[in-house]
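Down below are the structures I want you to see.
Each of the next two complexes has chain A plus one more chain, namely chain B in the first and chain C in the second.
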Partner chain A sequence: MLLDFDRLGWLRYALCLVAVLVGLFLLLPILLIVALSFGSSQWLQFPPPAWTLKWYGQLFADPEWLTSFFVSLRIALTVMVLSTVIGLMASFGLTRGRFPGRELVRALFLTPMVLPVVVLAVALYALFLRIQLNGTFIGFVIAHLVVALPFAIISICNALERFDIAIEDAAIICGASPLEAKLRVTIPSIRLGVFGAAIFSFLASWDEVVIAIFMASPDLQTLPVRIFSTLRQDLSPVIAAVSSILVGFTAVLMLLAAFLRKDKPS
Partner chain B sequence: MTTVPTPSLAGEVDLSPEPRRLAGLGAVAPALGLLALFFVVPVVALLLRSVLEPQPGLQNYAEVFGSTTYLKVFGNTFLVAGLVTLVTLLLAFPVAWFLAVAPRRWSALLFGVIVLSMWTNLLARTYAWMVLLQGTGIINRMLMQIGLISEPLSLINNLVGVTIGMTYIMLPFMILPLHATIRTLDPTVFQAASLCGASRFQVFRLVFAPLVASGVAAGVLMVFVMSLGYFVTPALLGGTSNMMLAELIAQLVQSLLNWGLAGAAAFILLVVTLAIYAVQFRYFGFGGGEAR
Partner chain C sequence: MTTTPFLSIRGVAKRYGAVAAVEDVSLDIAEGEFVTFLGPSGSGKSTTLYVIAGFQGPSVGDVLLRGSSLLRVPSNKRNIGMVFQRYTLFPHLSIADNIAFPLKVRRRSKAEIDARVQAMLRLVRLERYAERMPAQLSGGQQQRVALARALAYDPPLLLMDEPLSALDKKLKEEIQFEIKRIHNETGVTILYVTHDQEEALRLSDRVALFNNGRIEQVGSGRDLYDAPATHFVAGFIGNSNFLPAKVASASGAAFEAVLPDGSRLPGLTGARLAGASLAGAGLKAGDDVAIMVRPERLTITRGDDMAAGLVPATVTATTFLGDVVHVLTRTSWGGEVSIRLPCDGFRGEPPQTADKVRLGWPAGAARIYSAP
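Let's look at the complex of A and B:
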């Protein structure tokens, strides 16, 4: 009865009410940002007195924002590729390997995800100061790779565990080399997990801000760092424009993910 | 056609060229190397600095636990994390329940909203709340327009602001594990209970609550731990008078260059975090649903 929607009685209305309110609580701030980015008020009045594109104009006229955008994009794409490849190898090792200490290694691989990021940020900052990787592209990639890797490994390991290894064995019996069998049989079958790993790795780097705040130099700032430092000064509507673009970006990624899920092999 | 030897599946076709005992070690080597060099080494080094700088000893820990300023930061960190966890649980429980029982179309819609919010850039979401909560912000102006208040409430740079902003960010992390648990419940158990004469409240208290306890624990611990170490939202929505631990660590490093003290604070945060995970692992397993 408590699990049957039609027989919940008054509880049903209570649940609906909370669900609608929480849904609005989650959705409205995001819609508001998009609305304000087209509003003409410098002071972010709502509803806006008039509609305009000037904040987007200001955004695209400022080379610093564009530079940060491309810095973030370059770092995130590099992290995405490396994290997916390294994660793929590690996942094969974890699910198929029989080496001693395997469970320990698995736990280690997931630890960066559960640790407070600020600890990792400060620790890496100290190390990078010493080996002069602070404020460098390589430094950013390494730091974000540490954060992204657990997501890639979880996603691919899940897919690999569901994959029937007998199919790969069959390919080998039919004459494929072990590597060929993995590349042409196994990896195509677990492609959803691999795509998931790529998307999560990209997002982990693209949205990462805490490490980046420590790591950034005046010459090399990612988009989140620029937003963060701007927000510390004022609530310029230009940020609303940047945020709206990021929201659009997210929506596209969600559609992509939904599309991939539909493509799921039976 | 070449003749293919017909081996027994498990035995003769050696599917891994490496010796069996170390099979897979080569594949995990790159990830292992990366994490050893750029995760284990720096974190351990930072923790060592807490007992080595400025001179070997425990004086950093003595300072952290001896100063009312730092103790206040700890108190505030636990207060915010606790408050956020409580509010999040109260809001997330009905939502997770709704998602598990409502008609598919409605729950899919709400799921879409939850995922959109979760995937939207953290800073964009925090910015939204800065705009909403500021003195001349939309919430204050609306409340003044309908005559509920005559002067703007201070909703930002204080406990209220941090709690609202963090609750907003943590909600999905509570809803999803709760939903995973409620979804797996067997409706016939509930029918059996009510057939045996249990009232609706009794079914809730004696059947529903115990069955979802592990999911609640998983969500609560996860949100609490994540809140403890959170940096961005408290830094932007909180005030100087209610600083949290992560901000303190950042400030000790960036403005005061006091690495020893920062290491000590980081170590304390780390110990608390790992202790809570250990409790979760010990009593509830890793996930929500399957653990009993």
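Let's look at the complex of A and C:
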């Protein structure tokens, strides 16, 4: 290859340095937040004068934070399940179906990814006002489903396009009904794509804030929304603690996704 | 005959819009027979097989198994076994579980499944691989597992669509031998698709030669080689020389033809006319025909014997191949004719490049077809 890493000479070191700097630039703010969450300073002093777990103590003592945590979790899990199931069905239609306007339908499914989120949020808000879904669990789930679905569809479509349909035909001629063949052969074969869809759908909802701000009501607030609203009142290290938990959750899932990808049989 | 054939393909056609993948295929197959669909790429072999498997519905025609139509039966209820060209083992299941799959779908008892899986592994000689995953097997082993999976539920009919085309020659021959043995041991009826004529001749009882969505001829390999019914069959099976000619006179079953250089070929009698009913019928003076002679039936005459030959030609190349000598000649009208001579089939020295010779053949060795 033209740009063989081993033959770059001194450029190699420059390249590594740039990569490390970019990585630090991206990660430092997050690492700073995590560090601050363990710092003893009320005023988010850095470096912290001492280390403490009291902000986490305060956090878990506050039922409002816990409620929000479970609201976020419930919504994200529901979105994850629905998005994966709907994504599966849509992907089968998009990769196997032969109907006019298929590419158009595919584009339609993916538009929420490119549409400015605020526009989407305002539109959903206006619609949900009318049908009284604002501030409801169902409204939240539907709204987040719109942003999560493209991730699920991309992940599953990719897996399905790589899957040789002759394998499904083989299952059918072996005696499995078309549905049985999909459930017992096709879906298990593309399971990495399906897991990917589930993880990314969960994350799409879990750390979504723009739509959530529009959807939230005083008694239904997701974690990012509560962080955002608390932030406007005071800057407490408790927020750093919540953020760290949020980041931790995301990091674990991303690692899981990366691990699955690496584990993929050739 | 009033007995119903085991499998009957009746007037099947399959069209995709304006394209006809299969034009008109009819064929009866007896129980336990090994029939091969042979033909060039795109001739409709796979499509015919998929119609039998039920993955494609025919545009017209019917397929009957033991006298009853299969068309209304969905693929998964047809109880047919199939091995595909591509590797189709279920990637997430072990070899044993792959073979067990059709039995689990049929809700057989655990004990029965275990016994059957063992028997199938033994049949394809892969007992030691039961717990492996498909990705850990070679291509040939995977196809043998696919064969075991297809036979696990004892289907009366086994379809195979070029199962060995991805394998190298040696492995191919090894598995052909296995397939033949399994056919003998199980007595299953096999429909086998290939475009490799050696494979077709080696494996099958009968060969159906496909061309442009039709069957050109059905018969044993010997039939197809010795008595090709059409110009296409003669050209596809084995090596052949075609000499362009014109019918000079036709009286009843006897023809006389003239080659482009004016040499006359008398005594092309009807009895040995290829497919006299097809090509020979209605030939009249002035018609264009092609005369086919196999390279090994041609003789070369030189010097004193020249008069015995029929067609003057010039030797352009001679290749010694051990048991035979391969001689390439050019006729005066520029046509190439190849001849295979057994090493003791000529007197004296083998023909040399630029030698003037005459080509001939024993009575009955030539076949005549209307020009394509």
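Heads up, the rule we're going with is that the second predicted complex is superposed on the first by the 249 of 266 C-alpha atoms of A that agree within 3 Å, B and C clash if a C-alpha of one lies under 4 Å from a C-alpha of the other, contacts with A are read in each partner's own complex, and residues count from 1 in each chain.
What we mean here is this: contacts are C-beta pairs under 8 Å (C-beta built on N, C-alpha and C of every residue); 3 or more make two chains touch, one makes a residue touch a chain.
Values in this document were obtained by computation on a predicted structure and should not be read as measured data.
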With both complexes superposed on chain A, which partner does A:I131 reach: first (chain B), second (chain C), both or neither?
neither
First (chain B), second (chain C), both or neither: which does A:L104 touch?
neither
If you stack the two complexes on chain A, which partner ends up touching A:D164: first (chain B), second (chain C), both, or neither?
second
What is the contact status of A:I172 with respect to chain B (first) and chain C (second): first, second, both, or neither?
both
Just checking: does A:L26 make contact with chain B only, chain C only, both, or neither of them? Give me first, second, both or neither.
first
State whether chain B or chain C is in contact with more residues of chain A in the superposed arrangement.
B
Does chain B (first) or chain C (second) touch A:A50, or do both, or does neither?
neither
Examine A:P112 and indicate which partner it touches, taking first as chain B and second as chain C; both and neither are also allowed.
first
Jot down the residues of chain A that show up as touching in both complexes, chain B in one and chain C in the other.
166, 169, 172-175, 178
Of all residues in chain A, those that touch chain B in their complex:
1-5, 8-9, 14-16, 18-19, 22-23, 25-27, 29-30, 32-33, 36, 43-44, 46, 86-87, 89-90, 92-94, 96-100, 102, 105, 108-109, 111-112, 114-127, 142-143, 145-146, 149, 153, 166, 168-169, 172-175, 178, 203, 207, 209-210, 213-214, 224, 227-228, 231-232, 235, 239-240, 242-243, 246-247, 250-251, 253-254
Looking at the complex, which residues from chain A come into contact with chain C?
164, 166-167, 169-178, 180-181, 184-185, 188-189, 191, 265-266
Mind pulling up the chain B residues that touch chain A in the complex?
4, 7, 9, 13, 15-17, 20-32, 34-35, 38-43, 45-46, 49, 91-92, 94-95, 97-103, 106, 109-110, 112-117, 119-132, 134, 136-138, 168, 171-172, 182, 185, 187, 190-191, 194, 200, 203-204, 207-208, 225, 228-232, 236, 246, 249-250, 253-254, 259, 262, 266, 269-270, 273, 277
Can you list the residues on chain C that touch chain A in the complex?
53-55, 74-82, 84-86, 88-92, 101-102, 105-106, 133, 135, 146, 149-150, 153
